[in-house]
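Pasting a structure below so you can have a look.
Letters A, B and C mark the chains in the order given here, with residues in each chain numbered from 1 onward.
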Amino acid sequence: MTDLTQKTAHVPPAVTLGNTLPWILSIAFLAIAPQIFSSNSAITIMNQMGITIVFALAYNMLLGQGGMLSFGHAVYMGVGGFACVHIMNMETFFSYLPLPFLPIFGGVVGMLLAVIVGSFSTRRAGTVFAMISLGVGELIAACSVIIVVFFGGEEGISGDRTYGMPFFGIEFLQHIEVYYLTAFWLLLSAFLMFMFSRTPVGRMANAVRDNPERAEFLGYSSRWVRFYSFVASGFFCGIAGGLFAINYEILTEENLNLATSGGILLMTFLGGAGFFFGPVIGAVVFILLQTVLGLQTDLWALYVGALFLATVMFFPGGFAGLLMMHVTPIRLGKMHVLYVPYLKTFIPGILAVLGICSVIEIVFHARHAPLGDEDMTIFWTTFNSHSIVAWIVAIAIAVIGVWLTKKAAPGLVEAWHEANTPDKGASA
Amino acid sequence: MDLVLVNLIDGLVTGLLLFMLSAGLTLIFSMMGVLNFAHASFYMLGAYFAYQISVYLGFWVGLLLAPPLVGVLGALVERYGLRRVHQYGHVPELIFTFGLALMIEELVQFIWGRNAVNYVSPEILNFTAFSIAGNAIPAYKVFMIFISLGIFIALLYVLTKTRVGMIIQAALSYPRTVEALGHNVPLIFMGVFGVGTALAGVAGVIAGPVLSTFPGMAIVLGSIVFVTIVIGGLGSLGGALVASLLIGWLTTFAKAYNIRMEDILTGVGFSKPEPIWDSMWQDLWTITSPQIADILPYLLMVLILVFRPYGLFGKRDA
Amino acid sequence: MHYTARCGLGAAMALFLGTTAAFADNVKIAFIDPLSGAFAATGTNGLNQFEFAAQTLVNDKGGVLDGDMFEIVAFDNKVSPKESLIQLQVAIDQGIHYVVQGNSSGVANALTEAIDKHNRRNPENQVLFLNYSAVDPALTNEKCNFWHFRFDANADMKMDTLTDAIAADPNIKKVYIIGQDYSFGKAVSAAANQMLAEKRPDIEVVGDELHPIGKVKDFTPYARKIQSSGADAVITGNWGADMFGLGKSILDNGFTGPIYTYYAAADGMTAAFGETGDGHIRLVSEGASNPPPTPEAAAYIEAFKTKYPDGNVSQSRITNTIEMLAAAINEAGTATDVVKVANALEGMEHKNMWGGTVYMRPEDHQGIQDLHVFVHTNDGITYDYDNSGYGMLTETTVQNAGMDSPTTCDMKRP
């Protein structure tokens, strides 16, 4: 299990600018973000993003790095969070516990649950693992309304974070204080998870994902490798649960159910399961879509669903995959070849998408708006959704957009090939 | 005793309905190795299509037209969606069908709205076939039983006695060899996917009027269908039948009889803590079987996967 | 759609620019309820009723104070406690001081605690929670706080009215109680058992059980059990698909007695029950519409139906919420100092268009009003639900229901 000496031959230096720069930038960004987005609601949403990123990264320890598809992962975060609220409610104990240490307890509880479930679920990978995770997820979610003592029924259990021991005089009354706590745990957990992916176990998880048989021949038990990944993932899910408990001070059945489990799968895949930072992008984009788009339109779930399907079908690497596709052109110094074709394709492409969305919104409004209320507003334009003009304009924008995109697409493909081919004479 | 008979019939109806869904799902799985998460969504589409047709042309035309429509739609999804994703591997395939399920639900809400639609059984079947001890068995339920049995027999016949069935069975085990013999395996895949989804469509058409046609109907049934084929053994049609009936009867009887945990625990020799509301174990003591009836199949599935990962009748690993 | 899109824009701006300025001349009311997902129909209908009530009952009459208008700002909480708390924060950032919510006691519970904490932690920017539909008794008992006001009768008061009706029916000897397995279902069962034992000790409870919430595909086995138990009446607190599934299974199985419910009307349910439920489905609620209690109520319903032909005036308490808030703001002389407004609301007696009065009990902030038991029928219906021809006809009325009901509320005033 520890015999990895053959690898040490070409280990790169541990600390370089290349691998520390992203971390330094992240720290700097997290530190100044509340200055830019200073309203309480922006901070609430950033807190939510932080928690979700921890959860998504933990989920990706299984999906991306271990190739294990879990359909019931919300329970590890949820149970960790429930445990933290229970600790908040233990008055004497909690009054001696500084709040920033609370997520550790969530992590430990999440890990314990993962040890129990993992002991039988990780024996097999693939469909069996996915189905066990679905079954266990459903069972625990259903138990949440039956076992009232621990889960508090459908209204959940709640606590008060401010009863903890003040931490250097901070009582965590304000959102901004909670933000820095969340940001700290986000960085710490992300760093630890990154380091985990660099340990022998983390490396072996990749090997087991790609070819379990070969890994077995090399003398590794693929079952135990899966088990360790699963337990580690459970720990960080529990941390996310603890952060949730601190932020919202309430946990409910919602934190355990299949919709939450499905959501985390969705955003991890959307961001790109194949890259460490993929889930980060996925979580940020998904929450922005959910809150901002959700405020704009009732049909947000339809658009997110369409985006998700398109990602699975055309860019299985997710957003991170799309970004990383550009590494070769940048290395070759040929990004400039792509600029014009990109503009030529994406401007009409965006136009087409907006046009199609407008058509959908108009149809929806025309069918569901109250009688007499025929005015609708999209893209800062107010018009009558029942008038033929609006329909024609929206359809025309969509058709023209699609047509222009189609026309420009071959040029983009050509430019893409060009950008990915080294110039003659130059060696790649 | 009379009630037992009534519950047997009810369980049979539930079980056979489940079988129509799981039969298609397990066929698709054994052929293409993909668990179709959107299978129950095709069931929902069947109900909605039939409702829309029944508004204009009546129930019977809907029963005739909706399943082929769903089947064609399924085949198109296979041809233009799944086949594309297939190259990336099984996990993206599973995720694709997961996304498809979400998408179909949103589309159904977009087209037919969020409330239940008024899809009803035909006038001609609106009578009580017979009653047992004051419990009415509607003629429609009898009709459902016959339709499901008819489909099961037809499926069995096609798979075991016809040339197409032979090719499908061969393609199940040795797709490469079948392809080498000159058969168009991708076409067979598409056909099987279409037929599987059409079967789900039939289930939707006949279940819609009884279980009510609303956008959540796919989710309510979705995961239980998986549970069925996992318990029965992935890829085994017989296993799917046994598991469907097992789940149908298990849930029906758990709901019909109030088996209390209290009785079991005292029977085993524990004594009930008093007062119960201060006890740590209050929730365990107050559990009754109707309370947990619908989660029993999940428990069964987890147990089966732990002790017999290939299911009751499965021959190979999932 | 129109409204959501417009307010959404405002919310997004607030998000990214951090604007906290409110328009001084508008009293904004945050409506936090589901507008997408499975419960969107109920939420949207509630939103329509709030917008219509604010327009016709306040704005068209000149607004509050010196002509300030009510503005309903919609927030979609997707019936999720977590989303509700996020939307609450967005609403507070927009300078909103009034929050209305009703769907799901779980959400109401999360909101009332969050608002209590927020008001303690941010005394300069406080918020009132006007609960128009979440009926969990705990909200005005052990979980009560100064900022929460309930305009709907709570589950126990409704059960009191239902059991009065049951006790008055000599044909009922056996009752079956069935509900969803969560706090509300359990509260209904406990209240029914206790009250029936007091009012009619001769009535036998032949069944009392809970089923998983939102998970039951087929209610037939339950219906069989109810039939075999020989019950004369059924009591259930079910709502949504669980209500419809249960009711339909029971009636299809040949049950002929009454089914006493909390939520078996409107939002598609009345249309779906149609002829099957005729004379069987009973429902307890405030605000009768058949026969229309006053000419104002009739005019109000007609105006609403003209604007929203597919909608229903199913929650008359919404008009009480809006009218009483307007009265309280006028009495307090301010819309921003919510402590004054809350003090004005406490103990307020409001004569409404539904032919009764609403008294906001100061001890626990529970609205006391007339409750009625309705029957689902198509005979004698002036205003139907779901355009189905069927509606709810008033059968019995209890005036000021639960006026002297006990409360364990220990109200802490600022």
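Assume a residue touches a chain if its C-beta (ideal position, glycine included) is under 8 Å from a C-beta of that chain, and two chains touch if they have at least 3 such contacts.
No experiment lies behind these values; they were computed from the predicted model shown.
Fewest steps needed to get from chain B to chain C, stepping only to touching chains, is 1. Look at the CA centroids: the one farthest from the centroid of chain B belongs to C. Between the CA-based centres of chain A and chain C the separation comes to 36 Å, rounded to the whole angstrom.
Centre to centre, using the average C-alpha position, chain A and chain B are separated by 31 Å. Among the residues of chain B, those in touch with two or more other chains are 113, 291-292, 294-295. Under the contact definition stated at the top, the residues of chain A that touch 2 or more other chains are 142, 146, 299, 301, 364, 368. Listed for chain C are residues 40, 181, 212, 215, each touching two or more other chains. Taken in their complex, chain B has these residues touching chain A: 35, 81, 84-85, 88, 90-92, 94-96, 98-100, 102-103, 106-107, 110, 113, 223, 226-227, 230, 234, 280, 282-284, 287, 291-292, 294-295, 298-299, 301-302, 305-306, 309, 317-318. Only residues 63, 67, 69, 120, 123-124, 126-128, 130-132, 134-136, 138-139, 142, 146-149, 258, 262, 265-266, 269, 299, 301-302, 305-306, 308-309, 312-313, 316, 360, 364, 368 of chain A touch chain B when the two sit together in their complex. Partner chain B is touched in their complex by these residues of chain C: 38, 40-41, 181, 207, 209-212, 214-218, 220-222, 224-225, 227-228, 241, 244-245, 248, 252-254, 267-268, 271-272, 274. For chain A in complex with chain C, the residues that touch the partner chain are 37-42, 44-45, 48, 142, 145-146, 153-156, 158, 160, 162, 173-175, 244, 248-250, 252-255, 291-292, 294-301, 361, 364-365, 368-373, 375-378, 380. On chain C, the positions that touch chain A within their shared complex are 1-2, 4-9, 11-12, 14-20, 35-37, 40, 48, 75-76, 78, 80-82, 85-86, 89-90, 92-93, 105-106, 109-110, 113-114, 117, 121, 136, 181-184, 212-213, 215, 306-309, 311.
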